[in-house]
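Here it is, the structure, as structure tokens.
We call the chains A, B, C and D, going by the order they appear; numbering starts again at 1 in every chain.
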Amino acid sequence: MCHRYRLVISCPDQLGIVAGVSSFITGHGGSITEASQHSDLETGRFFMRYEIRADSLGMTADSMRDAFLPIAQEFDMHWALTDTRQRRRMVLMVSRESHCLVDLLYRWTAGELDCDIAAVISNHDDLRSLVEWHAIPFHHVPVEAQDKAPAFAEIEGLVEAAQADCVVLARYMQILPPAICQRYAGRVINIHHSFLPSFAGAKPYHQAHERGVKLIGATCHYVTEELDAGPIIEQGVHRVSHCHTPSDLVRFGRDVEKAVLARGVRWHLEDRVLMHGNKTVVFA
Amino acid sequence: MCHRYRLVISCPDQLGIVAGVSSFITGHGGSITEASQHSDLETGRFFMRYEIRADSLGMTADSMRDAFLPIAQEFDMHWALTDTRQRRRMVLMVSRESHCLVDLLYRWTAGELDCDIAAVISNHDDLRSLVEWHAIPFHHVPVEAQDKAPAFAEIEGLVEAAQADCVVLARYMQILPPAICQRYAGRVINIHHSFLPSFAGAKPYHQAHERGVKLIGATCHYVTEELDAGPIIEQGVHRVSHCHTPSDLVRFGRDVEKAVLARGVRWHLEDRVLMHGNKTVVFA
Amino acid sequence: MCHRYRLVISCPDQLGIVAGVSSFITGHGGSITEASQHSDLETGRFFMRYEIRADSLGMTADSMRDAFLPIAQEFDMHWALTDTRQRRRMVLMVSRESHCLVDLLYRWTAGELDCDIAAVISNHDDLRSLVEWHAIPFHHVPVEAQDKAPAFAEIEGLVEAAQADCVVLARYMQILPPAICQRYAGRVINIHHSFLPSFAGAKPYHQAHERGVKLIGATCHYVTEELDAGPIIEQGVHRVSHCHTPSDLVRFGRDVEKAVLARGVRWHLEDRVLMHGNKTVVFA
Amino acid sequence: MCHRYRLVISCPDQLGIVAGVSSFITGHGGSITEASQHSDLETGRFFMRYEIRADSLGMTADSMRDAFLPIAQEFDMHWALTDTRQRRRMVLMVSRESHCLVDLLYRWTAGELDCDIAAVISNHDDLRSLVEWHAIPFHHVPVEAQDKAPAFAEIEGLVEAAQADCVVLARYMQILPPAICQRYAGRVINIHHSFLPSFAGAKPYHQAHERGVKLIGATCHYVTEELDAGPIIEQGVHRVSHCHTPSDLVRFGRDVEKAVLARGVRWHLEDRVLMHGNKTVVFA
């Protein structure tokens, strides 16, 4: 992929935003390769995302940011300009189940996820060999049921040391403490193994089997302090029937989980997901 | 479709059920055109459904029932033998929204639903002309918010007079009283406009929009006394995004609702749905 | 829906198109409610579609067109500005099968298709009553196998008299003559009952059954002189298995056909479909 | 999974097959855990598959085969009784693309594929490390464009030495010679990266892009001498739009390919796929 800048904006909707932004870019010779925008009529908020060829602009991301500042202020924007040459740093957290990890590592190897994987952290040591085969540091941080604080302190240190831009809970079966949720708000992505808001909490496939649903699902969302209640990024489902046991649901579920998580993570890394209260705008 | 008998059985699982039943049918020259079975390992219950060409048997459904009785008793079966020549009688209940009604009437006309539609009952008069164009009796039974009892007494009388085998709530926006739910247990089919158990109750599309889900759904289920909690027959979903308003969700939802309800009703009419506690076995 | 103008553009890609167009609209006070754009990197062609609140502009569509002309010329645009108050006029053509017709009529009644249905033309008289119940003129134009010219001359006259903006072949089982295809290029929409390019031509479900495919499909496309080869607007599929007969495929297919056709027709009516050689850009 | 026998039968349809088979099994105390059957009305052929708990029978698979022989002969059956304790031996063939291989190896590790992977053969050496990390022998057999015979002789030797029950072409980009196709008829599974019969042959995603389809697909099928024309086991699709380049299609396609191939391979290993002329019966 060629070198690009991504301009992502959220601001109160008003006349002239697109004209202002696009004239600014054109004025600097910028060639826009992808453009998305959305006006939310309920809240009166406007969202946009532009991809611009860096070589068409002939200036650094920093210069571009300086030049854009007056427009950003005029329209009271929340905004970011990212540079595809500055690769994101991602930390993966896993437990014992490997399906999401294997899938993300494959996609990363295949170039589908444009990031560095700085580290994998797990409360079990099972997946060390797989991770290390990919030449990624693996940290085993056991979590004691009686006192989880030391483990999470260590994890927070590791994430900080890794200079992580985002953390992906790829079936990490522990609940993050509020402090980490707040510190990394909008940057911790979880995959929940149910079609939320149905079956939040533990053992969702067993809950689904018990209720006799005909479709099971998975939900990729940003982590917030409230369990399984953060902004949803992506969801998927799989058909099941009376002849499937809970362990069949678990098996089908693995396929949905990894696909849904992979889409969510890719979109996040490409700055396609914008928070909007407890919801998301996804320019997929 | 040629003349058939359908034998539907549920009983405690044990050795020899299939051998016993299939030997009985073969012994009478019966040609089985479709066979389905399911052993539920958790509950130890066995379910089966056979379609048999009536002309291969050379006996009436009643004689067949008599002949089968000893086997049914031996295996402690809940069972029914239905005759495709004895068409089911269905009563539809609707409110103002016509999408499910239009769809069911089309399918009925096209021969997809093997039944007589004995009557359509509505708490509004809006859909009278559509129904009467199909030469089906239409009954307008307004329901007073302050005192619903007289309306439901009238409805119960109409259903009884129609000699209905089943009642389909095709977006009937009233809650049936417990007495009717009990009297017609396993024979009242509802379509709920959400992916249950998410968003039970009122205005599910608005709830879904509020939560920011990425898929909306619909659920066809048998009505029980507990609102939106009966055995699920079928479910479906439709993808939505941030750019869809609640009214877009309502529009997409109509398509899911009518498709899901139509499948549920067809399966019910073909004796493909077997109750199993608060779940269903569906031999689709 | 409130009164809107829709500006649809296709032109060679170059710097400044978005800036030019959006500045023009902003300069006239125009409030953009929906914006889509696409750069095709292979062909270097640019496509865009804007929805603008008419009341924000304070000028008629004609004045707007005049004002826009210099920009259109500067960028060598193929373009159109449509006014949602000027409802499209649609002619439906059907044969004996009613599923697509019933579906389109329902959606039209429900307000999902923003157009007038000027007439329904059929080579059979079967669906007259259904059409006339909707207070739409029905024309029975039998097509003689030996000499189809008179029928198509009559049809062309009816379409012209109806002042049709578009013609929808809702399972019309005749092949339109080249003259009509050319005259109404980009305005005749067909539903083909296979997942094109598989199974073009006659009896596609039987072809699909013969080949043993596990999914069947339907394809909505613009009609060109070459049979079943025009630009594809939309496609859908339905799962089938060994236990389904050709007539089951036909039944499942009806559901796919009507859903796919309805989406294609709606998008066409909303100016969301732009031709691009033998392909389409669909701003859905 | 507990120890089971699987009885798979195909024979001319006639009265008494189910009764005969089920009475035989019951007579030996056999507990049937799963039963599927299908009568093909067009060809008059009957198919069935039973899973039986081995411990309920108290005899070896060989004794069971001897005991069953008279029934098999009476009904002129093609049949097989397999023993889940005798694990199948599978050989995988790959080229440079790893997505199907990574997926199959994950599923194998997770216990989703009940087989031994005897070897991986490739015409490139790229995937050696991945395969050997899984402790599976890897054979690099380059194929010379001018003279492929020596390579395929070596491959045939390797497959034979591996005592392979089946061969899976997991994106192996070479065409197998007729001799191998015949020798392993019904035991070589391929994944083709298009929704067959559309886009057989080379570069299907580019063909699909060129045609402007709105869904792309993949097809898992048994290999026959005619390229991409063998019996279809499973298919899947993924939605695409005008904004996707051929390389996007390739990326989406990888997800469909691996999912479809994995289902096909699993069903094959579980004796759920029965050949029926150039079609399959899949008791999924």
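Rule of thumb we're sticking to: a contact is a pair of C-beta atoms (placed from the backbone, for glycine too) under 8 Å apart; a residue touches a chain by one contact, two chains touch by 3 or more.
Everything numeric here is computed off the predicted structure, so don't read it as measured data.
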item	value
Relative to chain B, chain with the most remote C-alpha centre	A
Interface composition of copies chain C and chain D: same or different, split at half	same
Between the pairs B-C and B-D, the one where more C-beta pairs touch	B-D
Where chain B and chain D are represented by their mean Cα positions, the distance between them in whole Å	37
Centre-to-centre distance between chain D and chain C (centres being mean Cα positions), rounded to whole Å	41
Of all residues in chain D, the ones touching two or more other chains	41
Arrangement of touching chains [line / ring / star / complete / other]	complete
Complex contacts: residues of chain B adjacent to chain A	38, 40-42, 195-199, 211-215, 217, 231-237, 241-243, 245, 276, 278-282, 284
In the complex, chain C residues that touch chain B	98-99, 102-103, 106, 109-110, 112, 133, 251, 254-255, 259
Touch list for chain B against partner chain D, complex	15-16, 18-19, 22-23, 25-27, 29-35, 37, 39, 41
